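Next up is a structure, given as structure tokens.
Letters A, B, C and D mark the chains in the order given here, with residues in each chain numbered from 1 onward.
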């Protein structure tokens, strides 16, 4: 499933994900890698993202929002890899139909640091539902939170 | 468990929740009611909170972050109600020790609108763990998302 | 949505649920009420269902299995209510296509007792996915566990 | 964390898990490996465990019950590894204090087959709460279901 995507597809995904999904931009979510079998990204700590005033801890909502978004991106990449016969724009257009059904986040350790990494992987891509697993890591690679989500893929 | 809180306690909770938890302020989360058996709040739609560019839909991460925060607030209120013998500041101080263990969000319907209501209720408050149930509603009272979470209470 | 079902439909559902789904029979799951807007049932404590040898506590797996099954039953009832124009057998046939996508269970209090009640309600029935909320109660009506699940309805 | 346990500790865990937790015995859950950093086990298909009469599919409740039990076992093993200074019986005694806080199961693919493998790993072991990740696989190693759970460790 590890198909190399065209640069236009990756650029298109990045533009939609980082810019047009305005809340992702507010979070500062950036895509690092996009492949059919998994995606990764990162975000930088900023004062607005603090959840715990006394410890400068990242707000749990930034983690849940970020992992939800990354899971959706992983599904998009897996769909993209499955439909390499379609034109780039047609594949990108599928993003608009994706919706999160539900999400679980486990907060393992406090997210303190300047930069965090996010990873997501599709465990199953069906014709109607996709299931993903996500990880939120510190700059040192320590696992801080994990997630699981289901998405509807029209 | 429906204890009437002192205005100072409610004001203190509001200040911590709406101002000092910076990301809550970014989301625009506002507390409406705080009682030992449940809390409610609201947030207004703003362009930065959009998750789906073509439908002006609220980003799922705003919902998960908001419901996580409201669940924590409900736990704080329940703890506050249980410790009415303590001074206000002492009770408020307990907020700093609260942490989300895990969270589940079910996205039922697209969150489109100008204003949303959030509600949370504690299902069980133990000495170490509290469990909550949360709801995210449209201005018309329609249920848009539900949540469940567990919190560690020191 | 509170449609009165034909006795044949209810009997058919009971037969499938209590007898043909063999593991439900092993658990001793019994249907009490079936309506388009919610279902209820019960199960009796038996020595084989014990999870904690020293406290005679019901195994958490009995609770998760029971709530998953009840959520599915609630979806079936909601589908049945939506398709009252179809013949009974045709509606019952839809049961075979139902599948659980994912499930969350919150264990609030130890399940100790001789009889337990289970309830489930559909929060949203879409054309492809249904979301439910479930409760597991003691004979005294005390809430012991809650659940949330998503089902694929083909 | 990969401490080799004494045979008495492993035998003791097996006895508690496979025999004294009666519902595990009913499911036919068997431990294969027990280490501080993860555990594995298996179960055989039997007619009583069928959930879907027409496809001879394993009941989802067997999967959720099995993964919950395996997550708990992984926590026990991690606790055991952390307390190697304690006598075997003292460590085994800790099992009685373990409780599941909540559980999420993702059903990825139908569980059809004669034998299934279960794996669990502790993502974080705190002084009060432990978080685990679990997998349910077919005999061919195919991932059929995944789980995440939180446990209270006294």
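Heads up, the rule we're going with is that a residue touches a chain if its C-beta (ideal position, glycine included) is under 8 Å from a C-beta of that chain, and two chains touch if they have at least 3 such contacts.
This one's a predicted model, so the numbers in the text were calculated from it and none came from an experiment.
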#### Entry: Shortest contact path, subunit B to subunit D, counted in steps
1
### Task
Going through A-B, B-C or B-D one by one, find the pair whose contacts repeat those of C-D for over half of the pairs by residue number.
A-B
### Query
Which chain lies the greatest distance away from subunit A when centres are computed from Cα atoms alone?
C
### Task
Select, from A-C and A-D, the pair of chains that is joined by more C-beta pairs in contact.
A-D
### Distance between the centres, which are taken as Cα means, of subunit D and subunit A, whole angstrom
30
## Note on the structure
In whole angstrom, the CA-centroid distance of subunit A from subunit B equals 24
### Query
So what's the Cα centroid distance for subunit A and subunit C, whole Å?
34
### Summary
Contacts with two or more other chains occur in subunit C at residues 101-102, 104, 106, 131, 148, 150
### Message
Touching residues of subunit D toward subunit A in the complex: what are they?
### Response
104, 106, 108-109, 123-124, 131, 133, 143, 146, 148, 150
#### Entry: Residues of subunit B touching subunit D in the complex
101-102, 104, 128-129, 131, 148, 150, 152
### Query
Which residues of subunit B touch subunit A in their complex?
16, 20-24, 26-27, 47-54, 59-62, 64-66, 68-69, 96, 99-107, 110
